[in-house]
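Next up, some structures in structure tokens.
The following pair of complexes shares a single chain, chain A, combined with chain B in the former and chain C in the latter.
Our next item is the complex of A and B:
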């Protein structure tokens, strides 16, 4: 086997299929998107080169910035909610009764497709027959809001669904990371008289700091390019109240047939995501990895 | 070393296989008529015909088409019809590709207005005015063939048609002592009564936006007459027409009266329809493609289907509109390729097809054809018969606004509709935004 792997030709050959796929399906389209972003194009007819006009328009487009604001808000909440997931995982890892079952329950949303989750939450939020409003009315609330139709609530209503959707994913990641901490360290701390909170805060969390950083990047990037639930549940409406960058891009490219402009939005989103990822890594970078 | 080669070979084979399977697309091709081999017979002529009703997903359509082709071939023994069938999306793709290489089929299917535009400006489709003047004169419901008109010539002949009546639940009307309204004032009074009694008057799924657009279009038609909206869109008029502002005001008045279901801007059309089917809403404005839901669909309770009736959108007092004017639109139509080498035969086939389709589609597939139907002696649910009879008296058909407009203007229109219903804009802003979008595009 070593002999095979030392042959450069063979290495190239083995890498080739994946390389071809990733170049034609990922990097090629990214470059093309960048190229289309410089064009005025309706998706069918001839293109005309307009230089950076699309980007200039983009910077002045209040609708775009509004949707970007929503995306950043989602990123903020997703990052914040990571703390909650971490606490849940710490508790689950604490050998409480039924933690096995609970872990599986948390994971279930991950197994559902986004469209199914969207349909589920549409039913929950239904203004007249929905579970949530029936509950609120039973509790004596007179006029519960029409969650997905009210511009003041719609964004947060969808955020709840999105956070719910990804809870299981992050809990599993944290849970697995926590499982990797050697039992001996915790044992030693306990003998030294540390209480469970101290153990969690002083030993477990620092040890999985690397994983936490990764999840922060994942949460932020995932939020910035988030699309599915929003598209199915509201389509960005009503009146753009739940529009995010990705849904705005879709609307422009496939709704209004402004493929050039939509591509510019997509490329800009890529740039934003890259910058934010870089920033996050910078900000969360601490000197040395903690080791005991 | 031999082993290495085997591995490399396997890797190559795998790569090639991957690429091949990724590129393979499927299309169903078949020829009707038993003597396909003679299709290229020097004496015979072959019409290539492409349609989008595969046997699997549209069996009834498929069979009607085959029946018509068989009959045509029997009547014209020297002409063969060669059929190619693709699903909806692939069809559109393939047509696009064929048109760039100038290899369109002799006869195929097209959609009105926006879809047609690039093909006509590229001189791909032949004008079919001679058919409309000749064998098909007065066969079509008013306004249907016109939807395929560009610069005065008609480039496709429609097969399907939908109009949009208001369906209402007779049982709910009776329980609340509401009479079927005949004028818009009566409609508002009915809505008021229902709302006061705690019944949802109208199911509306305005998340989809085109649903609200139909309410607006009707009010515009009834207040300003059938031409005012069309003129605003085709730029012979303005969207700031007083009638169009008034229609927008009426919409907001209806919203204030709680005419539409709670949370309508967050409900999709299917959810709204669900409310109507659950008998939780008294009225529902929707196209006739939903007729099977109220007549033949066994999934809906018999009791509900029996209580559904329909009415024409009432007239507004002092308005210019006429009760027999409808919002609606034709679906697919048949075109003949401009560069077809059997153009005359193709046109003849189209005329034959349209006529036969009109005779069979509604009885065999429940599809309302764009041609007028003689309801004498055909067996159909009563609602179909009534609608078909109404169609024969239709004075006008206004094509859905978002279909009439170019895609980017349509987006503005639809967004404005949602904002209007949600009271995020005033009626004045509503018309100004659309006027601006239309004017900008005109430049």
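Our next item is the complex of A and C:
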């Protein structure tokens, strides 16, 4: 038994192809990003070493901090929206007819490409022929804004599309977690006279605290990485009003051919992602394992 | 006394019934918010420009223009992008699931010292933001002459989906009884025969889950194709649609038809396999 299952050659044959692939295409590039950030490079010609210049420029670059501010704002709103998803999941988890069907309907947008979602919402927000402004005008609003062309509204307009895309995802996660709570606990509370709101707030929510913390990490880290949807919907515009970290990086590298500076932005994105993941895990390590 | 008690009882019942109806209404409103934009998309995909610009956006198409679909399919190159998406998705899914199964088998069934370390290496990959790898990855494919070659995206999809796929497979492999495999070893079976003829067939349910999740990710992927591929002949639907819409900016019917074509395979997969998709998404929730 041990001999056959310890064959080193077979193990190498089974593991190495995948291992080589992730080392070459994930770990190599991730490590190189920080190094490329030390270079000045137009993507084709030779690289020249400029030390920490790109990183110093990054710290002083107001356009970068504006983009980072937008990313953090999206992260903040995404985290807040989790409360709404949790409430919906709590209602769905009560014995409601059709909850299975509703859950699946909620999920559908999540399965579509960000490109398709972006194009659809461009049409919804169309100032003249779009669904939203026609509805608003029918309700008596004069001159509703051109949502995606207005620097004051563009980020919120994008956020609504993000809500639409991800609602089902979080609802599915919460719903699955709530299903894992033993029925006996809830029954015991009910016999003691707790009403449904108390049961939800005092029993169910604390019991899935671990999952809630994981979704907070997901919402924050996911928001900091938003790219496709914004790139297609507004390209970061108008005039940088919806630029985020990832779109700024892409624009610098593949739009302006500042690959060195783009790498510095990408490295910052990597660091902040890892720090936030680590911090949130650290802060929540004790609450992860809930014993019933 | 007994009477008042009875009364407050029915009042409370009425109150909770009203509460239930309100909650239910809230859920249905959310469902409409999630579904109606897609219905609206389908409706305008069947309209002519005269209808889009002249009538209310909520009007039904007067004379459904299925012609929009035929037009974009042939004139708009959408057929080419569609088939590129199909074969690139299928190739990546097959490669990812096969390689991930190899790794999971070696980690859970074979005896070697570094298995925990190697598993850890794959799992850390779940946290890596792809945008942070993009520039060096672009440079790498440039160096090995794979820029504007479909292999660059197939290999990228495989590498970036391996961690998640292995994670989902792992849970299933751990719960799978080993007796059959152990008996096969006693009978003198080779490792390859055990893997291909016993383990792989036994793991079909979880392979289906990982395949459908991989399919959705690959079908929808945009950044890698947009960055690595420049020739029309290799572009997939997500980037192709962008091209197409750039040319047909004001043709709402054509744009709607293209978007519907791009989401139909996903919707069909969803109708057939929704439970597996839900399961895979819940399991893969830590993928970033």
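Everything that follows uses one rule, which is that the second predicted complex is superposed on the first by the 266 of 292 C-alpha atoms of A that agree within 3 Å, B and C clash if a C-alpha of one lies under 4 Å from a C-alpha of the other, contacts with A are read in each partner's own complex, and residues count from 1 in each chain.
Note that a contact is a pair of C-beta atoms (placed from the backbone, for glycine too) under 8 Å apart; a residue touches a chain by one contact, two chains touch by 3 or more.
Everything numeric in this text was worked out from a predicted model, so none of it was measured.
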{"item": "Chain B versus chain C as contact partner of A:230, first or second or both or neither", "value": "neither"}
{"item": "Which superposed partner A:58 touches (first chain B, second chain C, both, neither)", "value": "neither"}
{"item": "Touching partner for A:36 - first (chain B), second (chain C), both, neither", "value": "second"}
{"item": "Touched partner set for A:238, first chain B, second chain C, both or neither", "value": "first"}
{"item": "First, second, both or neither for A:249, with chain B first and chain C second", "value": "second"}
{"item": "Contact breadth on chain A, by residue count: chain C or chain B", "value": "C"}
{"item": "Partner chain(s) touched by A:147 [first = chain B, second = chain C, both, neither]", "value": "first"}
{"item": "First, second, both or neither for A:17, with chain B first and chain C second", "value": "both"}
{"item": "First, second, both or neither for A:162, with chain B first and chain C second", "value": "neither"}
{"item": "Contacts of A:7 with chain B and chain C, given as first, second, both or neither", "value": "both"}
{"item": "Shared contact residues on chain A - chain B and chain C", "value": "4, 7, 10, 13-14, 17, 21, 128-129"}
{"item": "Complex contact set, residues of chain B against chain A", "value": "4, 7-8, 11-12, 14-15, 18-19, 96, 118, 200, 206-209, 261-268, 271, 275, 280, 407-408, 410-411, 415, 418-419, 422, 424"}
{"item": "Residue numbers on chain C that touch chain A, as the complex places them", "value": "23-24, 26-28, 30-31, 33-35, 37-38, 40-41, 44, 52-53, 56-58, 99-100, 102-103, 105-107, 109-112, 118, 121-122, 125, 127-140, 155-156, 158-160, 162-163, 166, 182, 185-186, 189-192, 195, 216, 219-223, 227, 237-239, 241-242, 245, 252, 255-256, 259, 262-263, 266-267, 270, 274, 277-278, 281-282, 285-286, 288"}
{"item": "Residues of chain A defined as touching chain B within the complex", "value": "4, 7, 10, 13-14, 16-17, 20-21, 42, 44-45, 122, 125-129, 146-151, 154, 234-235, 237-240, 251, 255-258"}
{"item": "Footprint of chain C on chain A - complex, ascending", "value": "1-2, 4-8, 10-11, 13-15, 17-19, 21-22, 24-30, 32-33, 36, 43, 88, 91-92, 94, 96, 102-116, 119-121, 123-124, 128-131, 134, 164, 167-169, 172-173, 176, 214-215, 218, 221-222, 224-225, 227-228, 232, 246, 249-250, 253-254, 259, 262-263, 266-267, 269-270, 273-274, 277"}
